[in-house]
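Both of the next two complexes hold chain A, though its partner changes from chain B to chain C.
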Partner chain A sequence: MSMAQAVAAHGYGRATSIRQGLAPWVFLLPTLIFFIGYQIYPIVRVIWISFTNYEFLSNEPADWVGFANYIEAINDPLMWQSLWRAALFTIMFLPGTIIFPLLLAVLIDRVTQPRIATVYRVILLIPAVIPSTLVFVLWKWMYNYQVGPINHFLVDVLGLFTVYDAPQWLGGTSLTLPAIAIMEVWWGLGYHTIFFLAGLAAIPKDLPEAARIDGANEWQMFWHVILPRLAPIMMILVVLRFGTAMAVIDEYLIFGGFNRETPTYTWTIFMYDQAFKLGLWRQGFAAAIGMVGAVAMVFVMIFLLRIFRSRD
Partner chain B sequence: MTIRKEQEYLLQQANLRLLNKGAIDRREFLTRTVAAGLGLAGVAAVARGGGIGTAYAQDRPLTPTFYQWIEDLHPGIPTVNGQFPGINYQIAPVEGFGIERFVAEAKDKKSTWDVYVGQTPFVEMSAMAAAGVIEPWDDYIPKDVRDDIIASIGEENLIDGKMYGWPFLLDVIGTGWHSGIIAEAGLPDEAPANWDVYLERAKAVMDSGAAPFGATFDSHGWRSLVPFTHSMSPDVYKNHLFDFTSDAAIEALMLMKKIMAYANPDILLEGATDGGVNGTPDEVAFAAQRVGYYNKYFNAPLRMAQNWDDPNQLHLGPLPKFANGAGSTVFWTTGSALFKYGQNKEKAAEYIKALTYDRQIWKDSIVGTPSGHPGQLPPYKSIYAEWDANPPDWMPPFVSLVRAQLDNAKAIENDIFGLQQFVIGKPIWETYLKGEESDPKVAMQKVMEAVQAEINRGK
Partner chain C sequence: MSVQAIDQPTFRPGEIAETGDPRGWFERNRGAVVRHAVINFFMIVILAPLAWVLIMSIKSRPDSMRGDFWPRKFDFTHYGYVFEKIDTLPVNLFNSIYVTMATVFLTATCAVLAGYALVHMKARGMGIIIAVLLVSLYLPIRVVSIISIYEIQSFLNLINSTSGLILPYVTLNLAISVLIMRSMFQLVPHQMIEAARMDGAGHWRILWSIGLPLVRNGLVVIFIVNFVTAWGEYLLCSTLTNDQDVRTMPVVLAAAQGGLGQWTWPALAAVYVLVVAPGIIAFAFAQKLFFKGLAEGVVKG
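Here is the complex of A and B:
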């Protein structure tokens, strides 16, 4: 091989190698663009804003203020109070999201007649497909102090209360968070039950049979055979729903408003209030509130993941 | 700079101002620029300022945008639109009074719309002006129209002497009552003259069993605390902010507590829509015919009475007075804002003039239509004078009543915290109303401190 041929062959080899090296990146490009543009950039942008004095209504350029917004947020009692309110709602909501769907799934899983099992599944899924607006209108009416059917039942049918002392469910009383939690559990019941039904379908049939032959009763079978195998499903549900419960905002805006003393004034409302309502809309500070809340959530999520980690 | 260049510069700037105001169109600007010997230099100057883009887009049709509820309550708007061929009528993305979209567009020096109909001065006008979203109407509103606006309403729409809002729909806070309930309670079918009489009658309604509740109000400060305060004295503003510690405000708070003894127990709860400010418990109680007397802007009892067996049983009157009080109340208008980066500004002024003078809109508003009965009134002296001179056969008595109240009413002053001061303060003054704080002065002092703390945040 002449020198020229060797150089040409080497060049060809390099070009091929570059092409081969680039090929995966070309295929990865759409995902990378999506990931960076849709996932990374907004987070980085919010982090950057949280270190500035950015005010949406101001025409002045934002200045870098270091950790000032974080210091202000951490020193504000409303930050912790509002974070605690969100945690309180999560504590009320999360057990209902796991326990009721789990029990329902176990019951439905035992229905042997396929047509009836399908009917149960469809009925359970009805709330999950109702648009949120309709759900909020329905439950607002249900909980209405003066004309709602719940108070009508308690006052006019059971006579447990009068029109002067009937429960005030919504609008910022101590009953508001439990009332919203009940609505949310109802709303997600079918959806969450389907998760557990999928988990139950994945358990090999010979496992319960073997346990039964070994003399396990129904309770022991549920506790020692079925529940451990549903742990991964529970972990997904707990982590997902913990995140959504802590970050609820629509329901609080609709059922509670911007009254700072109400239980629905959580860190998400505090953030929204600062970002879109008060003064010149201090979005730098609001971003810091959001980051503090997000970090607190991440810590709890890590804790939850450890609890529900696989022990097999 | 040579004299010649200085002249060119001055002419260029003058033409640029006219172009940006919409006083001349793109063609006229280019003609004047060339005539002034500026040529491409002038065009380049406009392009730098973003003016040329605006000028090119001047060809778009007039594009007003309305807050949804205005269209819902005033079905005559499409008829006015019919007078403006090609109009691009739109509904604004402002659910819950949110102005984010307007601000975001202004930051990019553009606006999808030319004029926004739905601005309430004390709610969002200061914020829109501060953010550079809107510009004053002064250069576009005809002088005769400006002079025709009732003085107090004109004042309400000013910031630093410039007219940032063109008023449209007038709301005044007064008293409504269910005459059927009042008659059953053996009470006279007339507005209580003062708060003492009001409280006596509210008690009488409950004692008689005519209704479970005697009286109600909307617990949001600008709909109860402020009008009740104004009924004692409207002179309660310091640096455009409400003085919660004034004697009149303290009296008003004490009055609210007294009324609550006869009110629906859920009176302090947040409402059902718009972040809790609308769909409030007072409206539900009044609509359900469970309460005798009701204080709110007149369109609330008018709308709620549509749910009654006989809506004609609703009667209206002025807000009661305190003994030795000023007898004032609160009014506000919902009107139009002119987008700084919008176009068709002169056309927008023509449109708003046609809209706000349209007699059918006012008749529908006052008499009611199948789509609603807002009871909102016009802001112009000439319309009332016309009605006084030739009273239409459809004219109900509440119109002259509201007009009379207006002479004595005062708007909440404009400030970026104009509305939010009451949102911040509500949970604090409610500690007194709920009995958690026994001294109203202490509660109101804490409100002042909380509002000030929020204003000082980040400073």
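Here is the complex of A and C:
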């Protein structure tokens, strides 16, 4: 007999039991208000907008135009080119952000002195507590051709380039996407290492011992004992980071610009440009671009999840 | 484990071997040396950009253009200079603090209440709520919904308003915060809550006096995660506001052109250090609790 029933049995229970039923919703209310107001409603609204000729600036009510925006988006070569650019960035970024942390985690996991291990962990998480914009700003300066230490290192210290042919990292050159990818790998390095360290900590210690007694060398052990056990964490990371990499926007706004020819003009920037920058403010079309991009990437994510699932 | 297993000296490559090995110290410990060298290389890579900006903020102006890491002449006046010469600086800093504190407070409140309800209260539809929160983590909602969020904000008359930013900011990490709190409250035994209910305590009291102290570490994780997001948010702030004096500090920094006017490079770097330091210092103090929370709630799945 639950509390509610017990109270109800005593007669004055109806009001109490209604209050009992409402209580969870009172606790959930703040979350629901924010989540519905600023996540669910906006998405539903954007889907609706994508089927209309909606414009903020126009006083006329929006008309339903069916799939016209989608047809226009799909027939625009820029849509596919901009999606490809996002994919290109993802290809540059994803391997580095998995492999380096994995390597680092395996090494740090072997550090036996607790003090030193703690110091490493704290340093690892420092980039993770630097807010996104501050990471981008810092690296924008690092890549600066005038004062940036990266070109200083390449030109003055290593002598690989002269001042005249030093690499131009910023401003939408072919180096801008790799530059952003390097920055993102740096940013995630510590956080992902911590992730893998948690996975390594969960491996029972007698497993590697047993493998060693069986005569496995370090490499075999990593490949056959450790890696399979880290696979679930790795899959989550791959899918999550694929999602963030495909939908990058802030970095392109800060490092790139709105030149359609540049590699940083991806589908997110295409959408943003149409919605807020070009004088036209065609939100209907912009919404369709956003939906095409989002659906395309979610499709790949589901595909990845299915591959990973089937391997279990 | 049997006694025999303890006695048997299992050889672990890389660990400092103490037995009478005829080889030299380096030979014996080559594994450990190489390992620490590689780790330390990565540590330097992580810290170098921060060291560079810190040094930049105390370089003299001519040195700032020279590119050498270590300046010939130090100049500590840039920190004072930026407050004197950049008139929106105190306002921008205040905006950042205000928006971030409000966001962290609201998100944490939502997450604690919802996390408790999702674990220790029963109602229909909770499974759906959890599923929706989980799925939302994988979708690019932040990017795609910017169009309609602009619309909502202009409907509420919150365009170009600092306070208006708080509403969308709360949602940025709401799902993950609620899910973290949910897994924290799962560590609190049902029987404990039931016993308190039998003693006549209401849910509010149980949450306040039993629940909160137990989920403390998870709360630290939520504070830090939301602090980091709100403190450095760019997309919403730069889209929903126009004037420099309603924006947050990082967004102003991102727009500043280095080397021009008031924004000499050391001045920029000084502002940068001022903005980035609070987070790192707060984390340094909270790191123990943070790691505990991380271990308990976040990486559990």
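We adopt the following convention: the second predicted complex is superposed on the first by the 267 of 312 C-alpha atoms of A that agree within 3 Å, B and C clash if a C-alpha of one lies under 4 Å from a C-alpha of the other, contacts with A are read in each partner's own complex, and residues count from 1 in each chain.
One rule holds in what follows: contacts are C-beta pairs under 8 Å (C-beta built on N, C-alpha and C of every residue); 3 or more make two chains touch, one makes a residue touch a chain.
In this text the structure is predicted, and so the values were computed from the model without any measurement.
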*Clash-or-fit label for the pair chain B, chain C on chain A*: clash
*Touching A:253 in the superposition: chain B (first), chain C (second), both, neither?*
both
*Classify the contacts of A:171 with the two partner chains as first (chain B alone), second (chain C alone), both, or neither.*
first
*In the superposed arrangement, which partner chain does A:24 touch: chain B (first), chain C (second), both, or neither?*
second
*asked:* Taking the superposition on A as described, I'd like to know which of chain B and chain C A:276 touches: first, second, both or neither.
replied: both
*Would you mind checking which one, chain B or chain C, touches more residues on chain A?*
C
*Would you sort A:107 into first (chain B), second (chain C), both or neither based on which partner it touches?*
second
*Is A:146 contacted by the first partner chain B, the second partner chain C, both or neither?*
both
*Using the superposition on chain A described above, determine whether A:72 touches chain B (first), chain C (second), both, or neither.*
first
*Using the superposition on chain A described above, determine whether A:49 touches chain B (first), chain C (second), both, or neither.*
second
_Can you give me the overlap between the chain B contact set and the chain C contact set on chain A?_
56, 140, 144, 146-147, 253-254, 276
*asked:* Applying the document's contact rule, which stretches of chain A touch chain C when the two form their complex?
replied: 3, 21, 23-25, 27-28, 30-32, 34-35, 37-43, 45-46, 49, 56, 100, 103-104, 107-108, 110-112, 120-142, 144, 146-147, 149, 152, 156, 186, 189-190, 194-195, 198-199, 209, 212, 218, 239-240, 243, 246-247, 249-250, 253-254, 268, 271-272, 275-276, 283, 286-287, 290-291, 293-294, 297-298, 301
*Write out the stretch or stretches of chain B touching chain A in their complex.*
96, 98, 100, 103, 127, 130-132, 212, 264-266, 268-273, 275-277, 281, 284-285, 288, 290, 416-417, 420, 423-424, 426-428, 430, 454-455, 457-458
*Residues of chain C touching chain A in the complex*: 10-11, 13-15, 35-36, 38-39, 42-43, 45-50, 52-53, 56, 64-65, 67-69, 106, 109-111, 113-114, 116-118, 121-123, 126, 129, 132-133, 136-152, 154, 167-168, 170-171, 174-175, 178, 197-198, 203, 224, 228-229, 231-235, 238-239, 250-251, 253-254, 258-259, 265, 268-269, 272, 275-276, 279-280, 282-284, 287, 290-291, 294-295, 299
*Residue ranges of chain A in contact with chain B within the complex*: 53, 56-59, 72, 140, 144-147, 163-166, 168, 170-173, 253-262, 276-282, 285
